[in-house]
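This is the structure I want to talk about, given as structure tokens.
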Amino acid sequence: MSVPVSRSDWAGVLVNGALVGFAVASLAPLVWMLSVSFMPAGEASSLPPPLLPSAPTLDNYRLLFSRMGIGSYALNSLLIALLVTLLSLLFNTLAGYAFAKLTFHGRERLFQSLLGALVIPAQVAMMPLFLLLKEMGLVNSIGGVVVPAMASVFGIFLVRQYTRGIPDELLEAARIDGAGEFRIFWQIVLPLLKPVLVTLATFTFLGSWNDFMWPLIVLSDSGLHTLPVALSNLAREHVQDSELMMAGAVLTVLPVLLLFLALQRYYLQGLLLGSVKG
Amino acid sequence: MNRLLQRCLLWVILLSILVPGCSRLDQPAAGTTLRFWAMGREAEAVAALIPEFERRHPGVRVALQQLPWTAAHAKLLTAYASDALPDVLQLGNTWVPEFAMLNALLPLEVRATRSATVVQQDYFAGIWATNVVDGTLYGVPWYVDTRLLFYRRDLLRKAGFDHPPQSWDEWLTMQAAIKAQVGEQAYAVLLPLNEFEPLLALSLQQAEPLLREGGRYGNFRHPDLQRSLAFYARMFELGYAPRASNTQIANPWTEFGRGYFSFYISGPWNIAEFQQRLPPELQSAWMTAPLPGPDGPGASIAGGSSLVISRQSAQPDLAWRLIEYLSEPAVQRAFHQRVGDMPPRRSSWDTSSLADDVYAQAFRDQLERAKPPPAVPEWERIATEMRLVGELLVHGKLDVAGAADELDRRTDRILEKRRWMLQNGSLASPVMEERP
Amino acid sequence: MTASRAAWCFISPALLVIGVFFLLPAAASLLLSLTDFDLYALADPANLRWVGFANYLELLQRPLFWQALGNTLYFVVVGVPVSMGVSLLAAVLLQDSAARCRAFFRTALFAPVVTTVVAVAVIWRYLFHTRYGWINHVLAGVGIDPVDWLGDPHWAMPTLILFAVWKNFGYNMIILLAGLQAIPADLYEAARIDGANRWQQFRHITLPSLQPMLMMVAILTTAGYFQLFAEPYVITEGGPVQSTLSVLYLMFEEGFKWWNLGMASAVAFSLFALMLFVTLILTRLFRSRHE
């Protein structure tokens, strides 16, 4: 079917123009954040508000690292995110595989009830969880953030969805050959799950790095604070130092943004996998 | 089956090492570390005084942590609930009854009596008294705090006045004159909506107490206290004060310098701040003055902070030595010079710097008329409600009578448990007494 | 070792963690909400009182609870449709045959989703500053008076909604994009031959095909928006005049600021009940539309 040339041109301009508009709206605040972080103190609070630093300086970053100790907060965030990712990867994969490929009594019903648990908002459990962790001596420690996050229904669900694609014959053959269940999981299934493992790892790492509410509650000692918590403290204490705040925001956002850019294929894939019901 | 079980066990063992290991990762290093939490600018200032203490006590390291004031109360309670309170901490003196009730504080009676440095008679009696709960001493006053009037005397002079206001009426007249001068885009006074202190100070200026019957019920409906609410609201109604919080003013010091507002109710720490942040040509343009009251010079909040020792501290003696160090008059003077907070003991006042400090004159004057808020554990909560209802009042959502009713309603609800416990005898005697 | 035994070995670690650190506390929360656990009880368990449903009754009588509920519902009722609308528009644009540099745009539009809420909330606070913020500067350029975005009770919540939409629209966009890609091209071809214009194609092919996906996205987004907390906590601290106080913020303040754990648990459970109710209604609604 022929379309007049001018109409498709017009459509192209409209569509791409709109997309450019969207992109600007999405990225402009982040770009501005970067710009302000290089401004000398006080410049951002002037009229008219500047777009670019008049004299770019690394002072804000220097201050954050030397006086505010942001390096240790970043390390805390990294440590927690890594621990959570590794441990939850292990637990969720084991469980997800079992729910997908190992038959046992009550498997489907158990899984359905787990899915039902997704409805309960996490905040409902927070206060008793705090008291429980206090009894276990995990409050105000890295463990207090890591331990409750060692498994998640979403992770199990994701792995299960993906694992169902593995042909049963493969596993049967291995069983006939006399391999134990754990051997089968470790040597045959796990390598096949690599894509979903990367996806889950990306999801979990991002989620843990960005987690704010629970670390805020559990970590009292400022030495243990993660980047988001430290940033919110700084934001309340140094509300007038916008340039400093933006530098802190850059340090918090940049790692995950870069990680996302590197692994976006897996992340987006996982997003779809988790959302489209099997 | 064995292999599988073996593997399972292996993981369980691994995790049982790893997980508690994580919690121990962040334990302080071996050796003597004294944990000390302080708030806001005081924390920044005391950091400079710590090295001398460490020099006097070789092998001891003081780990100082700074808490923002806006989150301090909640953080302290969370730390208490997590058994994570530090050895020494700064506590707002209105919080002492609360933490004493929680059994979080070590009684200091005996240590204070035996101490050569912390001498009760040297302290201002009213301030010392705020640290005594049910006859036991729980804290040592660190600095004394109140709310003063900071004002631009050059702008005031331009409006035709050569002295600070002495009463509410005079103050309103001055504000009107300044407002006429600065026009629509600026204001006469800044009363930040995220602070309860201005409204509290105005309320304390009435002779009536804020709570009645031994701290069982709110007293805000009393006509005198309603007068304070009305005066507070009036300044916003007439356009003399912006309906804004501190965070929305971005930089209060710069704005003060720019004449965005000419009166500011704030504390003595801002003396140092204004001296640092305002340009030299404006240094003679501002001054402090005691708060004007309903019929003459008025009262203000007897605030301040105390140093307390947590009951869970493993090294109470060392903690006490830190408190003694910070209570030495020389150290208090150095502290004052850094942050502008006023020392709570007479001998620390007795120096040339404080005697000459023109800005401190107003403070000493105000100290004569400083009143503490009610000493109930729920006070922090009630103060927050004062701020919230004050905000509703200012935004026109409640009129004065409605605000007083609402404040009483909320206060009564907050105090319900207290009433039950007093009735039951679970709480000794009412902590609050009639203060002079 | 039977497969069954192995299976239990495999799932026990995860089940243990979820059971002990989530389900158990959630159940305990229900119990806690029936007591008046507060600071006094924290100091000495003997001060704990069993109060039955008194917390819930008191909540229902507390204007602040209704305010928080109203704020949260405002956020959900306005935020979800706006967010979904923006996501759908973005997805449609990306899917359009005229679009270029798809990969770049997809990444750019998704970027806000992975950023930390706290960090971008701080950015937002400065962007919307009354005097020095860029937004008011731009508005002034077109002759509009500066708006007190975060200080005016009428504008604070819309600003937060805008923030939430900006931050999250990329997420649903990806999902809807996948849905759009799954629609067979010949449906559109046939419609075009029949003379339908773009808008008609959208209404009669795109929307119906996306129905199940839209329903799921709506439910997930609604559930997520009910849990509004980080944005008011960082940007407005619940103000001004508590116009941005959400139910979860109320729970946080009751629980971790004042340590009224009994009351806080009651708030949490009320929110849960509400979310369950709304989700069920939404599911019913969509299911009946679908038939």
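Chains here go by letter, A, B and C, matching the order in which they are written, and residues are numbered from 1 within each.
Operating definition for what follows: a residue touches a chain if its C-beta (ideal position, glycine included) is under 8 Å from a C-beta of that chain, and two chains touch if they have at least 3 such contacts.
The structure displayed is predicted, hence computed values, not measured ones.
Distance from chain C peaks, on a Cα-centroid basis, for B. The highest number of C-beta contact pairs joins the chains A-C.
If you average the Cα atoms of chain B and of chain C, the two centres end up 37 Å apart. Chain geometry summary: the mean Cα position of chain A and that of chain B are 39 Å apart.
Rounded to whole angstrom units, the spacing between the C-alpha centres of chain A and chain C is 17.
The set of chain B residues touching two or more other chains comprises 1, 4, 11, 70, 78, 81, 247, 250. Shared interface positions of chain A, defined as residues touching 2 or more other chains, are 45, 90, 147, 180-182, 217, 242. Each of residues 1, 6, 13, 125, 129, 131-132, 256 in chain C touches at least two other chains. Here chain B touches chain C in the complex through residues 1, 4-5, 8, 11, 70, 73-74, 77-78, 80-81, 98, 101-103, 193-194, 243-245, 247-248, 250, 377, 381, 388, 391-392, 395, 397, 417, 420-421, 426, going by the rule given at the top. Taken together, the chain C residues at the contact with chain A in this complex read 1, 3-4, 6-8, 10-11, 13-15, 17-18, 20-26, 28-29, 32, 89-90, 93-94, 96, 98-100, 104-105, 107-112, 114-120, 122-127, 129, 131-134, 137, 166, 170-171, 174-175, 178, 192-193, 216-217, 220, 223, 226-227, 229-230, 233-234, 248, 251-252, 255-256, 261, 264-265, 268-269, 271-272, 275-276, 279.
Those residues of chain A whose C-beta lies close enough to touch chain B in the complex are 42, 45, 83, 87, 90, 130, 134, 137-144, 146-147, 180-183, 217-218, 220-224, 233, 236-237, 239-240, 242.
By the touch criterion stated above, chain C contacts chain B in their complex at residues 1, 5-6, 9, 13, 36, 38-40, 42-44, 46-47, 49, 125, 129-132, 148, 150-151, 153, 237, 239-242, 256-259.
Taken in their complex, chain B has these residues touching chain A: 1, 3-4, 7, 11, 15, 19-20, 22-26, 40, 65-71, 75, 78-79, 81-84, 246-247, 250-252, 254.
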